[in-house]
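Next up: some structures, all given as structure tokens.
Shared between the two complexes below is chain A, which pairs with chain B and chain C, respectively.
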Partner chain A sequence: MDKIKTEILVIGGGASGLSAGISATRNGAKVIIVDREEKLGGILKQCIHNGFGLKYYKKEMTGPEYANNLIVEAKSLNIPILMQTSVTKVTKMQNGSFKVKVVSPNGLKEIIAKAVILAMGCRERTAASISLGGTRPVGVISAGSAQKMINVYGQMIGKNVVIVGSGDVGLIMARRLYFEGANVIGVYEINSIPSGLNRNIVQCLNDYNIPLHLSETVVEVLGKDRVSGVVVAKVNPDFSFDLKTRRVIPCDTILLSVGLVPETDLVSNDIVINKLTSGAVVDDNYQTSTSGLFSCGNVLHVHDIVDDVTMESIDAGKCAALFVKNKLTEGKKFKVLTGNLVRYSVPSYAEGGQGFLNVKFRVSGVKKDCFITARLADGTVIAKRPAKIVLPAQMEQVVIDKSKIVGDLTISVEDN
Partner chain B sequence: MKLTCIMCPVGCNLTVKKLKNEIIVTGNGCPRGETFGKSEAINPTRIVTSIIPYKDRTVSVKTTNPIPKNKIIECLNEIRNVKLNPPVRMGQVVIKNVCGTGESVVITGIN
Partner chain C sequence: MEKVFDYEVGIIGAGIVGAFTFDTLVTNGVKTCLCEAGEDVSLGASKANSAIIHAGYDPIPGSNMARLNVKGNKMYEEVAERLGEKLLKCGSIVVADETGLDGIKELYERGLANGVSGLKILNKEELHALEPNLNDNLCYGLLAKTAKVVSPYNFTISLCEEAIINGGTLKLDYPVDKLEFKNGGWKVSSGKNSFTCHYLVNCAGAGCDKINELAGAEKLNLTYTLGEYILLDKSEHGLVNRPIFPMPTKLGKGILVAPTVAGNIICGPTAKLIDKYSTRVTSEGVIEIREKTKNLVNGIDFRKAIKLYAGVRVKEGKDFILGFSKLVPNFYITAGICSPGLASAPAIADEILQNLQKCGVKTHKIAIKRRKPYINTQNLTEEEFAALIAKNPKFGKLICRCEGITEGEIEQVLKGVITPLTVEGIKRRLRATMGRCQGSFCLPMIIDIMAKYYKIDPSQVIIRGKTSLVTSRVKEAGIYSQKEEEEPKTNG
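On to the complex of A and B.
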């Protein structure tokens, strides 16, 4: 079996892995990036729509263009990249280094690295994960798989389509399917508010008169070999189905857009996982509970905007580079806790010192004209900013002056 | 006219009033919202993205700038009629002056 040695191994060559690899290289570390697919770029390859890059590149581009920018930069730095190489096991050895097993077109390989950056992205929730009722005929497909089929392979997936869930991927795909000549019958969302961004409701559904049905969902899939229809019903506030409102809608395809989950399986038995994000628990250096193992991008927590993935991964790559040079200073870590209306926050631990800490979080409900605060246990406010609106569909951030972190802190959404 | 701004994820609720000589936008949180509101009232435009079959896969394409909304379907039909011969490259113009809009359709990615 081949053995390869490096300082940092990056698992995943999407926006996150490329950004982290570039940053670690620029900070003086020897890096290898591996990805199981044929081409770099991760999910960006199939996101052919525009709306990427406004924050980081200050320019609006499509997903493939954003990926290409990062690929060109990684290549210009001569970062070794192994494609069609899938990581199957990561083990921390007694000497502190990692032994990483990979499967590649020319057999099994072992990579020894001082640090590993997890950048494996996320995967979609499936029919099983939402306990979708009824039969399992051909024609039930996740929105992201449909996106790949159509955009990358040029294969249409059906003619009369019902979309379950109003996640951004589903909304983007509603427009895409319409463009490809399909009849998009409607989007059914179990909650009373859409889970995707407002702008996607407008430019993907409203622009093309595709109906959005809130508090209504698919309760049963019909069909033997191919999907022949769905049964939909209104949903009561306690999430039970109002079966009086049942009606049958004929269709041949069902698209599921019911959420994304970080793909942490590779390491979920070895590190502490945040139950709310399903990603790793990390500190302000993006280091997991295993020293030398870092995590960033969608495998850490699901991001809506790729620019945020890049900026986070640049930080993580820099910390990993400092780690392999034994220069990553680690002081006393305090807890970062979630307060009013905050569902989760990342990182979970932070220390005081110089510079700024960027805490990312999501809220559990909509609130207008409010303030985002970070407070110490005694109530002292150490960061505060106004927000016009906070939405569960949108990741929020708050920047904290690290010199003020002298104890555990709590992130909250407050009235004033 | 009431609409939701799509310039950024905040999605402000805009009210756009057409007067004789001017258009007044209210409810916007920033100047980009005003621009968007005005353009929606006079001539709503969108960037169009799609794919073209290439080899056994696809290339992705976009209009270089937003085109009028009522030309989107026509634009998609023009894109559908394009046949590509190898080699192709990123940024390559595949349609000039699509639907008479003055905008080009260019390659954004090769799968």
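On to the complex of A and C.
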């Protein structure tokens, strides 16, 4: 079997893997990127709409354009890239290095790396994960698959479409299907607030008069061969269904946009997983519970916008480069805890010192005119910023001066 | 002069019973034709059940069920070996709380009466040592060492393939709609097509009443009991090591938690009498499964559910109905083959063979040509895998990431003995799209592979039945055509 040696192996060639690989290379490390698909870019390849890059490149692009920027940069740095190469196993060896097994049409290979960056992205939740019952006809498809069918394979997947869940991918697909001539009957969201970004509600639904039904969901799939309809019902505040409000809506296709889950399965038995994100527990260096194993992008936690993925992955790539040069300082780590209204935060551990720590988090409910704080255990505020509104749909960030981190800290949303 | 028929025996219905019968007859030198309404084999009860080869302690002593279950159980291992099918020799346990010892003893006695070996009553310690995740309230267990777990649809497919390799004929897409007894044999028609056979066996599962009616045989009164399931991700592997049953009731064996051959966990089935055959999963059913399994196993994580499904038990009275019709000649009925039908199927087939022999059907054991099991790259050593990719690089191209299925594996199945014409046919043979993402990554790729292989448009790639996912466009790209519509069209 072929053996390849490198300092850093990046698993995944999407926005995250490319950004991390570029950053690690710029920081002096020898890097290899592997991706199982035929082309680089990950999920961006199928996101042919625009709105990418405003934050990082200060320029509006489509998904493939955004990816292309990274691909051009990676190529200009001559980063070796192995395509159609799937990682099947990652093992930490006695000497601290990693043995990574890959399979490709060229055969099996073993890659030995001092550090590994996980950048495998995420997958979509399925009908079973929302306990969607009924029959099992053809025509129930996840929003991301529908996006791939239409944008990559050029195949249309339905005529009269109901969308379950108001995740961003579903909203984008509502508009896409409309463009392709489908009748998008409506988007049904179990929560009282949408789970996608407001800009997508406006630009993808409102602009095309596609109705959004909040606190209403699909409770049953109908149809024998092809989907023939759905049963929808209003949802009570305790999330039980108000069965009196049941009605049948005829349709031939059901798109599921009910959330994304990090694809950590490759390593989930070997590292500590955050139950709330399904991604790895990491410290402020994006290092997982296994030393030398780093994680960033959607495999760490689901991001709303790709610019944040790039910025996070640049940090992670740099840390991995420092690690392989034995220059990654690892002082005493303090816990980063979740306080009022904060559902999860990344990273879970951080140390004091120089520079800034960027904590990313999501809230569990809506709040207007509030403050985001980071406090030490004794109540000392070490970071505080006002927020007009916080929403579960939107990833929030708070920047903390590291010199102030002298103990465990808690991130909260507060009134004042 | 002896009358000439196309086949000596015709079988209607390619579920597990029809498949075992087909294989048994063919390998005993009987010219046999199996016909099936669906586009593939194993589309009825045999594709959605608990997949357990029961030990046989449950049926009433003296019943068909008791006799055939115990006998069938003993036959499975050899067949699995020959076909290259997976079989978990894990045993099973019926569990009971502190009030349930009498019930456990009763089952044990019934098992002995039925001739079941390998039964053992477990005390609390023994029980929890075998199954550490059981609910603490459970104090007694009946361990049945001979119980096994298989993949019922893979068994059905393999049996049919073996029969075909050895000279049997399979007719798919052949919904039988007319039966005539002529010249001492049966004419079996489906639309314009027909064949003749000397003897006919009804293995039509939920359709057995209709087949009896077409033949003019005994009237059957079928009842339907829905059984819903929740299937959990492979990440939950090891939650239980063998099927865990509650105490059986009049309604059935109860909602169980069991491993599958692929390493998933199933929870179910419910038992709800329905008036029409339908495999619809109800929200009440899902709730019932969640509630009831709590009493069996601790810490079942239903967030790891990857599929909800259901099967229908087709019953006629309390026992299997088996034997020649008393109203029409040369017509063998298998009806009401509910649980333990899977466990009993090889024994049912064996009895059919014996009964046909008694009628004078000539048989001789043939030297069975072995079926070549499909390559599963997951089961290969690294050397074998590398050699395979060197020969055909498509075996190195991963398509279904959750189950580790490559393009090479999909192509070999497309070239298989029974060519699957649907995505679901590929799924049942290989498990592609059956994993935790349920095909959200690989379905578009599989449709693409099939379109290229069959040289058809993706809109002609069938997912199941006659239905495709891809539809034609309603109109050309909307935004452009909308603009066009705004401009008034002048017609010349």
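By our rule, the second predicted complex is superposed on the first by the 416 of 416 C-alpha atoms of A that agree within 3 Å, B and C clash if a C-alpha of one lies under 4 Å from a C-alpha of the other, contacts with A are read in each partner's own complex, and residues count from 1 in each chain.
As a convention for this text, a contact is a pair of C-beta atoms (placed from the backbone, for glycine too) under 8 Å apart; a residue touches a chain by one contact, two chains touch by 3 or more.
It should be emphasised that the depicted structure is a prediction, and the values quoted were computed from it without experimental measurement.
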Which superposed partner A:153 touches (first chain B, second chain C, both, neither): both
Chain B versus chain C as contact partner of A:245, first or second or both or neither: neither
Touched partner set for A:91, first chain B, second chain C, both or neither: neither
Touched partner set for A:103, first chain B, second chain C, both or neither: second
First (chain B), second (chain C), both or neither touched by A:403: neither
Touched partner set for A:380, first chain B, second chain C, both or neither: neither
First, second, both or neither for A:179, with chain B first and chain C second: both
Touching partner for A:236 - first (chain B), second (chain C), both, neither: neither
Chain A residues touched by each partner, larger count belonging to chain B or chain C: C
Interface residues of chain A shared between complexes with chain B and chain C: 152-153, 179
Residue ranges of chain B touching chain A (in the complex, touch as defined): 3-12, 29, 46-47, 49-51, 53, 57-58, 60, 62, 69, 76, 90, 108-109, 111
Chain A - residues contacting chain B, complex: 39, 45, 48-50, 54, 60-65, 67-68, 150-154, 179, 197-199, 201-203, 207, 304-305, 388-389, 393-394
Contact footprint of chain A on chain C as seen in their complex: 230-231, 235, 278-283, 285-286, 302-303, 305-309, 382, 385-386, 389-390, 393-394, 396-398, 401-402, 404, 436-441, 443-444, 447-448, 458-459, 463-479, 481
In the complex with chain C, residue positions of chain A that touch it: 1, 36, 84, 86, 88, 103-108, 123-124, 126-129, 131-139, 141-142, 144-145, 148-149, 152-153, 155-159, 178-183, 219-220, 225-226, 241, 252-253, 265, 268
